[in-house]
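My questions all concern the structure below.
Order of writing sets the chain letters: A, B and C. Residues in each chain are counted from 1.
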Amino acid sequence: MYLKKLALAGAVSLMGTSAFAACSYENTVPLKSLSAGFEAWKAVTDAMAECGNFKAELDQEFRTKQPAAFEANPSLYHIGGVSNGTVTPLLNAGTIRPLDDLVAKYGQNLSPNQLIKVDGKTMAIAMMVNTQHLMYREDIFNDLGLEVPTTWDEVFAAAETIKEAGVVDHAIGATMKSGWNLAQEFVNMYPAFGGAFFNADNSAAVNSEAGMKALETLAKTLPYADPEVLVSDSTYVQQQFQQGKIAMSNLWASRGAAMDDEAESTVVGKVKMAAAPLAMEGGAPATTLWWDGIVIASNITDEEADAAFRLAMEGLDEEMVKANNGAAIWLVKGYEPGPLAAGAIATATASPAAPPYPSTTQMGLMHTALGNELPAFLTGERDAAATLVAIEESYATAAKEAGVLK
Amino acid sequence: MKFKTFFWFVAPSVFMMLLFIAAPLVSVFIQSFQVTQPVMQQIEVETCTPGFLTQTCTTEMKTVPTIDEETGKTITTTSWVGFQSYANVLQMDKVWEAISSGAVGDILQIDFWKALRFTLMFTLLTLPLVIGVGLMIALAVNNAAKAFKGPIIFVSLLPFIITPVIGSLSIYWLFVGDGILTATLERWTGQDIAMFAQAWTIELLMYFYRVWHVAPFAFVIFYAGLQTVNMDTLESAIIDGASRFERLRYVIVPHLMPLIIFIALIHLMDCYRTFEEIVGFRSQAHVISLQWLTYDFMVPDDAGNRAISRASASAMLTMIGIVVLLILPLRRTWRDHKGGAH
Amino acid sequence: MSKATAQPLSLKVASGAFLAFWCLLAAFPIVWIAVMSVKSPRDAFAASAWDVITGPATRAAGTGLSIIDIVLGLAFLFFAIRWAFTGLPKLVERFSPPGLIVVGWLVGAAVFGLAFVLVFFGILPPVFGVINSILGPIGEPIIGLTTEHYQAVWGENQFYRNFMNSMIVTAGVVLISLTVGTLAGYGLARSGSNLAFWLLILALVFRALPHSVLVAGYLPWFINSAEILRPIFGDLSPTLYGQPWAVIAVLVSINQPFTIWMLRSFFQNIPSELDEAARVDGCSHFQAFRRVIMPVMWPGVITTGLFSFLLGYNDFLVTSLLLDAQNQTMVPAIAGYFNRETTTTDQVEAVAAAVSITAPLFLLVMVFQRQIVSGLTAGAVKG
């Protein structure tokens, strides 16, 4: 058996040396990329590396490094991996270049849906979408005769039944780790109640009826969720699902594949996907749409940009998607949505549809303020009204320091 | 030693410290009195983002930084704001309000004071524990049979040498959710226990982790100190009829006193800037520390904003705190320096 | 046994029990992650301790240990560790050139570690496999155990590159820290001037600084250094970001305060008559330092070096921010397994990586344990 493994390793390394096998051309310009490190990025950068002369940096600190590294002259990286959240600082600083001429040259396989346009100029190429939507244990719902909930009220009703039946530890799993995750839950809920985050003069507007309702809904999940919900992030909720400890959750689409992973999951085939629940009748699903994609730096030569874009297109081709169909909800041609993508598609095509994450400078500040002030509400130190006031104050301090509020 | 010789001996070390510690420190000090902002402008932007199958385009007013056409860099303005950033961190108006309304507990809802409360308690509560546990292990090891000493010292040092990130995670895993120790506790007590659901249990775990991590350091230093205890003094103490405890109290502890102060000094400094525990135990919802607060101001959000001025102010406040804490133990060093140097 | 150390039985029992309890407390979390690292993801995060130890899912997947494996493996482990404490020191002392005992130890430890890994993971499994198949029922696995996570970490994920980077950074930090620190420590110990005192106090304040402030301050400078330095060095000016030597410089600086304090108190305990005598013979301060002090300073230097090693090896904040993927060290690489999008398998691989990076620390402490105690005893911490 050992010999076999050795032989296999040898074969793999042989394939490595006879590079460019899977790439249609040989890349001669040395290129580097910086992106987040999740599965889809691994797939894309691996496909790009097949063309040679390419170094990918998959870094969990990319958020901190990217703005500064792209501002350097010459830029430290040619290709950047961004989402609609993290593209904002690059757009604001003008460190990424318009891609229209490159799209005309190499982008025959791109669909118009993939072109992220700001003021008519293509600034990024999206490769996948991600959103939080409902995942539930079909077997439990069938046993208890429950319908798939479409609103949060129905979620709580179902949760009550599941709790009484006592079939799982906690009826609802929630990604409410204090900080970014918890703030994101509020960002999902608040616009779904019809709330707007800002007034016209950039001051915060969360101290409103919608704000109270959003907080109420967050608080209502607590009795059905793990008491340690303030430390649970998506990975933790995913594990709880896999170990059969929770019955449903509003979880990231990119986590869906893990439910059916034989090696990790005890609930293979039992978890089904549905659209994110509505916060109120006739409203949009209480979630936000995200995309991930690539950008090209401005502070590099046109030749490098040309080579970088060509390489990126090679990474985002049909072949890569076919090989990694389950890794993400791809926007690239050749993607075949499986049952796991059903929830994300239902969420994105709902009417009215869930809004994209509103990425602006103010929203970044608001997200931080939410993440810092919401925990006190959920631990019961502060009531809802005081929390909303605290969020607005915290935002105002930060916004004045950042110069967006006079 | 002549000044010139002294200078050449210390120059490389001082140069490195000046370049990599003092220079950033000075810039932090200056930034705590400044605010640097990009010049913002309001523009109307149409943004198109992908849905599934079709795009959604929205047109809205956005506030974005202005970019200099020539250099391609963001235009920023820097202004002196005095103690504004300190005021933003300390929020004294709210503190006075809380005091005057009699609800002193409300002060602990303000991030800085919350962090200060925890940091001080964390530092001062673990200090005696670390010294006590360290001393007890040292005495016990000193008592142990010779054959066991080597392995015991080895095992004892493990918590100290292990990478802190990994050490705190290993303890976190034992307790989080139905981690095996929580599950065991639940079986014993018959109650549902959630260690990370309330502040005091998390704090308790953090105290435990810190003592577990640092006590071995205290131990090995005390153990080394015990090897040099003057046997004659001990013998004469026995002849004088001193009890075991009296010998410990009047011979051994005074002998170890310089070491105790050394440990206390190091421990005060390291504890006061505690950070790994907050991240490792994910305690942000319940307890935060001063360095975590600084770090939180400093890390950029998705939109790239950092609160540099408040981060600098909070860093300077942390510094002031540590200097105050260190004054007591340092008075001794000053006396030693004046008395014992050559 | 002298009267001073004679003890009543009750005290002996109490102190023994306390020690046993402490050892359990000290070792348990570390042993536990080691157990987790050899189980399938489902077992590793199982709620019942028994499931984690026996690993039913891992065993079901067809990998495990039989009674024979366990007994023989433990026996081998026991003798290997015992030999590390008894045979190895003698061997090292016999073969290392005089004066270079430290190097001898490092080489000895590395060879021992390598041999151990080779025998334990390379030779024993196939041998045991044969024995098990001969013995039949007793040879059936009873405990689930898999090395797949280690293979994934060191093979697929090329963790050896992170290992090499860690070694480069750590070696650099220890060497430079000690060279620079020894000189400064000696100077400070022999100078009674007020300047020396205030330097020490300043160093102490520096040590108290929150690191996150410093490190975040470096980042823009490091990234833009090529542009900033261009007027001085022209096109040769380097981008400091991602350079191991730049990180070494930062870590050395951050570690200087502790190093010079330790070494200063150590040098203070070397009687100054020693180097004064040499100076009377016509040596300069530097010559006196080299000829008289250097031969007697090793215990203190080794101890201080160990602390530098721990700092360089364990650092997370500096290395994660200032190094790029190609030069990343082990600790930030492990933290990379825990980012926002991660799977349970990733987490168990992270645990395996965590156990792997602890192993060299084990070896180091095993080898240098006596030196730590004797170095500290010799006075590195007297004031």
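Just so we're on the same page, a contact is a pair of C-beta atoms (placed from the backbone, for glycine too) under 8 Å apart; a residue touches a chain by one contact, two chains touch by 3 or more.
Please read all numbers here as calculations on a predicted model, not as lab measurements.
Student: Once you draw an edge for every pair of touching chains, what topology comes out, line, ring, star, complete or other?
Tutor: complete
Student: Name the chain pair with more contacting C-beta pairs, choosing from A-B and A-C.
Tutor: A-B
Student: If you average the Cα atoms of subunit B and of subunit C to get two centres, how far apart are those centres in Å?
Tutor: From the centre of subunit B to the centre of subunit C is 21 Å.
Student: Rounded to the nearest whole Å, what is the centre-to-centre distance of subunit A and subunit B, using the mean of the C-alpha atoms as each centre?
Tutor: About 32 Å separates the centre of subunit A from that of subunit B.
Student: Centre to centre, by mean C-alpha position, how many angstrom separate subunit A and subunit C?
Tutor: Subunit A and subunit C have C-alpha centres separated by 37 Å.
Student: Which subunit C residues sit where two or more other chains touch them?
Tutor: 47, 335
Student: In subunit B, what residues contact two or more other chains?
Tutor: Residues 178, 299.
Student: Two-or-more-chain contact residues of subunit A, please, as numbers and ranges.
Tutor: Only 64, 71 qualify.
Student: Can you tell me which positions in subunit C touch subunit A when the two form their complex?
Tutor: Going through subunit C, the ones touching subunit A are 40-42, 45-47, 126, 155, 219-220, 223-224, 226-227, 239, 241-242, 320-321, 324-326, 332, 335-336, 338-345, 347.
Student: Can you check the complex and tell me which residues of subunit A touch subunit B?
Tutor: 63-64, 67, 71, 83-86, 88-89, 91-94, 112-120, 126, 129, 169, 177-179, 182, 200, 202, 226-228, 230-231, 236, 240, 245, 289, 291, 298-299, 329, 331, 344-345, 348-349, 353, 356, 359-365, 367-368, 372, 375-376, 378-379, 381-382, 390, 397-398, 401-404
Student: Across the complex, what residues on subunit B touch subunit C?
Tutor: Interface residues on subunit B, with respect to subunit C: 1, 3, 5-6, 8-10, 12-14, 16-17, 19-22, 24-25, 27-28, 136-137, 139-141, 143-144, 150-159, 161-167, 169-171, 173-174, 178, 180, 183-184, 212, 216, 220-221, 223-225, 227-228, 231, 234-235, 238, 244, 258-259, 262, 265-266, 269, 272-273, 275-276, 290-291, 294-295, 298-299, 311-312, 315, 318-319, 322-323, 326, 330, 333-334, 336-337, 340-342.
Student: Would you mind writing out the residues of subunit B in touch with subunit A in their complex?
Tutor: 35, 37-40, 45-57, 61-65, 67, 72-74, 77, 85, 88, 109, 111, 176-178, 194-199, 281-286, 296, 299-305, 307, 309-310
Student: Applying the document's contact rule, which stretches of subunit C touch subunit B when the two form their complex?
Tutor: 2-4, 7, 11-12, 15-16, 18-19, 22-23, 25-27, 29-30, 32-33, 36, 47-49, 52, 85, 179-181, 183-184, 186-188, 190-193, 195-197, 199-214, 216-218, 249-250, 252-254, 256-258, 260, 268, 272, 284-286, 310, 313-314, 316, 331, 334-335, 354, 357-358, 361-362, 364-366, 369, 372-377, 381-383
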